[in-house]
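Take a look at these structures.
Shared chain: chain A. Partners: chain B in the first complex, chain C in the second.
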Partner chain A sequence: MKNQKGLNREVVIKISEQKNEPGWMTDFRLKALDIFERKPMPSWGADLSELDHQDIYYYIKPVESAERLWSDVPETIKTTFDALGIIEAERTLLAGVGAQYESEMVYKNLKKEWADQGVIFSDIETALHTHPELVKKYFSTVIPAHDNKFAALNSAVWSGGSFVYVPAQVKITLPLQAYFRINQAQFGQFERTLIIAEPGAFVHYVEGCSAPVYRSNSLHSAVVEIIAHESSRVRYTTIQNWSSNVYNLVTKRALAKKNAVVEWVDGNFGSKVTMKYPSIILQGEGAQGQVISIAVAGKGQVQDTGAKIIHCAPHTRSHIIAKSISKEGGIATYRGLLKVLKGSHNAKARVQCDALLLDEQSRSDTYPTMQVIEEKVDVGHEASVGKVSQEQLFYLGTRGLSETVAQALIINGFIDVFVKELPMEYAVEINRLIAHEMEGSIG
Partner chain B sequence: MLKLQNLTVSVGQKEIVSNFSFEFASGNTYVCMGPNGSGKSSLVYALAGHPLYQTAGTIILNSQNIADLAPEKRAQSGLFLSMQYPQEIPGVTLRILLYEAWAFLYPNKPKVILEERIATVAELLEFDESFLDRGVNEGLSGGERKRSEMFQLLVLQPSYVLLDEIDSGLDSDALKIVAKALVWFRQQVPHAMILLITHYGWLPQLLSVHEVLIIKQGILVAQGNVELMQQVQESGYDSYGQV
Partner chain C sequence: MNGKMQQSSIIRIGSNQQQTLTLNTLHADEHLTVYLEAHARLTFIQTYEHNCQGAFIISFILESDAQLEHELCIETTGTITGNYHFILQQKGASVVSRARILLTGSAQCTITSEQSHGASYTASELDFKTVVQNGASYSYNGTIVVAQNIQEVTAYQSDKALLMGKECSATSIPNLQILSNQVRCGHASALAHIGEEQLFLLVSRGIDSSHATQLIIQGFLK
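Let's turn to the complex of A and B:
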């Protein structure tokens, strides 16, 4: 199949054939395509009018995608690799110019350990063949194709992504991360991830990394579904730093059953436009949800991010902490929905969104929607907009710190509550990334 | 030596300190007093390089004119300012601040010295280690902030120390800690120049004060020994500097 731009039934059928999929998946894709074509573009949120659906490759064979040359990778991305100290072998992969990575061998052993406990951890195409009944049982049950236009698009053309299944009472103490950190770069722009935690299970899944991911193709539209069964806990950490030509339109949603805990930790850097609102449906009594996010909007960038929590049962608890930084005219928007349905008595919800503006040209908007129908609840919302103050810079100056270091320190302090949630090596990288991003952006 | 020659400090169009000349010698302790709003704080802000305070005249530190240098360059030359109301820096821990400051102030001194000093000073000031891992001044009371300032002073050991009302708004326990800190600092860093801006005589009496300066309406109106301090405490500033 020759790569071609644009989208129609033929393209979708070819994607399905290439992957040698069962009939139900082909039908699912085609139905989703119909929905995608019928649904209008969202009338709210960031401006997507420049996005041309017919000017995009919907399926690129991995072999061909690996043929890009290192010399084609933009200079800004190469300098960021330097600043972050990304090792050589990883760079080529992250930039999409390489194909193999030795450290996969390291993870083979770990994967065997996990497999011995009944954990399934593979790309989703593989799982569709090795565990068809499991995939079919859960696929698209949390995010149906008709959920929104881009979920429909993903459903029609999805390619790549992970499948994670953790059996009852199995706790994976090590984050599932580095393996995917590498493979992530090779995933297409329509990846689809499905995570199932059986009762009492625990898993921490980490995707992406702080290094910029360069794509010549400008649309990334992923779908991530989590099913957290009774008393399980799933934590999903994302760090993404897209090149500044990318529209990043992602749907993430989790279903938390009785006493289950779901946590989204979501860091958004780069891209042209990001629209992403990780959601948690607190379906069972005593379920808990937490969304901690950071969005950095730089020059020409729109970060329209937030969180959605729906309380459907008594004694459910939720906490949203959303931080944003805008600089050089960037626009960061917090858009959140908190719903507490009738019958969710003794629910407790906290929303905290803090914005930091680094200059006069930058913008921050907050749209916190709350629909609280139940009366016996405890709901709180706090919002703040601040600047790096001259007084803080002066204070640190009197201790000998240069303005660049002082500013980076203040910003790191601002996002500290987020960084603390990350695995160590990611935390280190984020601090470096912030320092690098802030170079030359002092007002 | 810190030498001010015809120093004028203004904010916008308003002149706050006029034509101030004085030589602060290393190793000496000075007290600066004056009515509220007389320009004492503005003077030390200007010395430390706050961007809102414009200066004319010269500020010679170690025979270099620092009047046009950024705050961090002045600090790197040995100047230290403790403000009356120290800023909160949320999420930036005191420990991180000290490590960053150390890297700028003592690029060639090993970190192990810093670590030893942190431990010593923590014990001296009855500092719980957890305090070091909290955001700088984040949610701290006035007294705790002053204690944190003293902690930084004792660890970083600068050569020119400007303390703006370090003894204001403290209860007696906090005041004792500040006093203990300064006495220790004086012993440890005998070559340091200390300038205390204060309204009270208690703290200066614990240190041996070399000279007292009285500022009124931005002008150095009187200077003298410790007796001058006692005089103004008894009879106020009325008899000084009829402008």
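Let's turn to the complex of A and C:
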């Protein structure tokens, strides 16, 4: 079979065969394909009319995944690498022109330490062969294939992604980074990530990076599932900076059992269109959920992001902080759902959305929904939209800062709550990225 | 002037005029359009009591420097659907809207509102408070729209609901659609119940619990 565009049963079977998958997974993929074909495109959110599902490669033979040349990488991406101070080896990886990363050795030592404690951290294809019972038990239990059209698409053609299993009471002190794990497969187009934290476990998983990831493929549709068992804590940090031709349509959901804590830290800088609403189902008593996100919508970009939290048990707590910046005609939208179901007494929830508009052409929308079917609750929402104030700029100007520097400084302050949640090296990069993005964008 | 409106009516407040209108009967389906010409000032009061029910759609269209002060009071066990459209179409127009709603038993109340800012130097402020008691349900959907290329707009929206007793539910959907950056917009919404601590404090001061509850509700609605 030659590489061909488009999606049909043959392609799906081919993907499954190539990965030497068990029969249940092939069946699962084929069922998902049926669902994908039946489901209509979403009637809400960003405009996806230009997305042609038959114009995408869903299967590429490994030998034919040709490397690109450095000269093929767009100039804008190269200058961003310079501004962020990304090292040479990393650049080639990020740009998709090379596949080696020097930190591999450091990472191998860490991996051994974790493995000794029973932690499983591998790509999901490997896990399907080495730990089939675990994968089968949890796979698609949080996000079923019929959840939405793009979850169905991912279920049919998924490839790559991580599998993380943390045994009871094991606490992984250093963040696990997908970054290190992915070398040859690189950043998957339809990756599938599954994280399981047993009772009392802790893990911080980090994916993506602040440097632009150049992709010639136009669709990225991932699924991330997290199962946080009793009293465990899972933190998932994503920073995406896809190149500006990518539709980034991602489904992320976590299940938090009794007294578990789940945190999504989500930064969206790149892509043409992003639709991403990390969700948490607070299923057990005392469970807690937090979503901290930031979206920067620049020229031609639509960042339709938000969060979804469902309180299903008493004494559950949630907190959503969403920040967005729109510039040069970009559209940033917060779309959220907060639901408190019957019986979730003493639930507490806070939603805070702040938007910054940097010029006249940009747009900011906020669509939060709150539904409460329980009287003993405390739910609050606040949103604000504004611009960088002239007084603040003037004040910094009098201290000798140029307008660009002053504006970047104010914006760094605006997103501080997000940056503080990141590992150090990411925080530094994000600050540089903001400064770089703001060059020449004074409103 | 005190006016009484019929279904599908149009009211026009002339330039530089100052008027007060009150509305206290509710029809099954009432449509009302109110024009406020330049520099007009209108106080518009809607009071619905005694378990009345029905539906209304009211559009306020404000020309330059017109001022609208709107008040809505509802106390019902029936079904009420209200739809407001505040259109600030010329420079300097301003709207202040306050709603106090008490829903009990089988009451169902659905309110939608849209604050459309189509001109510079316009201001709108919505402040809705609802007490939802014993099986009642309340739903609010409010939108602030600020058109492109306009300046110095302030728009706020606040929707707060106090949930009391069993089987009551509330939904709040405050939306913002902002296409201009010279603005200050915000919304806040809260759905909460009477805290045990608040009640305990009042009861410990010798106030019986039903009186204490009334006091807290009064405080909330102020």
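Basically, the second predicted complex is superposed on the first by the 427 of 443 C-alpha atoms of A that agree within 3 Å, B and C clash if a C-alpha of one lies under 4 Å from a C-alpha of the other, contacts with A are read in each partner's own complex, and residues count from 1 in each chain.
In this section, a residue touches a chain if its C-beta (ideal position, glycine included) is under 8 Å from a C-beta of that chain, and two chains touch if they have at least 3 such contacts.
No experiment lies behind these values; they were computed from the predicted model shown.
Superposition model on chain A: chain B and chain C are shown accommodated side by side without a clash.
Legend: residue contacts after superposition of the two complexes on their common chain; A:7 is shown touching neither chain B nor chain C.
Once the two complexes are overlaid on the shared chain, A:360 sits against chain C while remaining clear of chain B.
In the superposed model, more residues of chain A are touched by C than by the other of chain B and chain C.
Of the two partner chains placed by superposition, only chain C is touched by A:384; chain B is not. When the shared chain is aligned, no partner comes close enough to touch A:313: not chain B, not chain C. Once the two complexes are laid over each other on the shared chain, residue contacts for A:375 go to chain C alone; chain B is not touched.
Taking every C-alpha of chain B against every C-alpha of chain C after the fit on chain A, the minimum distance is 15 Å.
By the touch criterion stated above, chain A contacts chain B in their complex at residues 389-392, 394-403, 405-406, 409-410, 412-417. On the side of chain A, the complex with chain C involves touching residues 355, 357-387, 443. Those residues of chain B whose C-beta lies close enough to touch chain A in the complex are 48-52, 70-72, 74-76, 79-81, 83, 86-92, 96-97, 100-101, 104-105, 135, 152, 156. Considering their complex, residues 148-149, 161, 163-166, 168-193 of chain C touch chain A.
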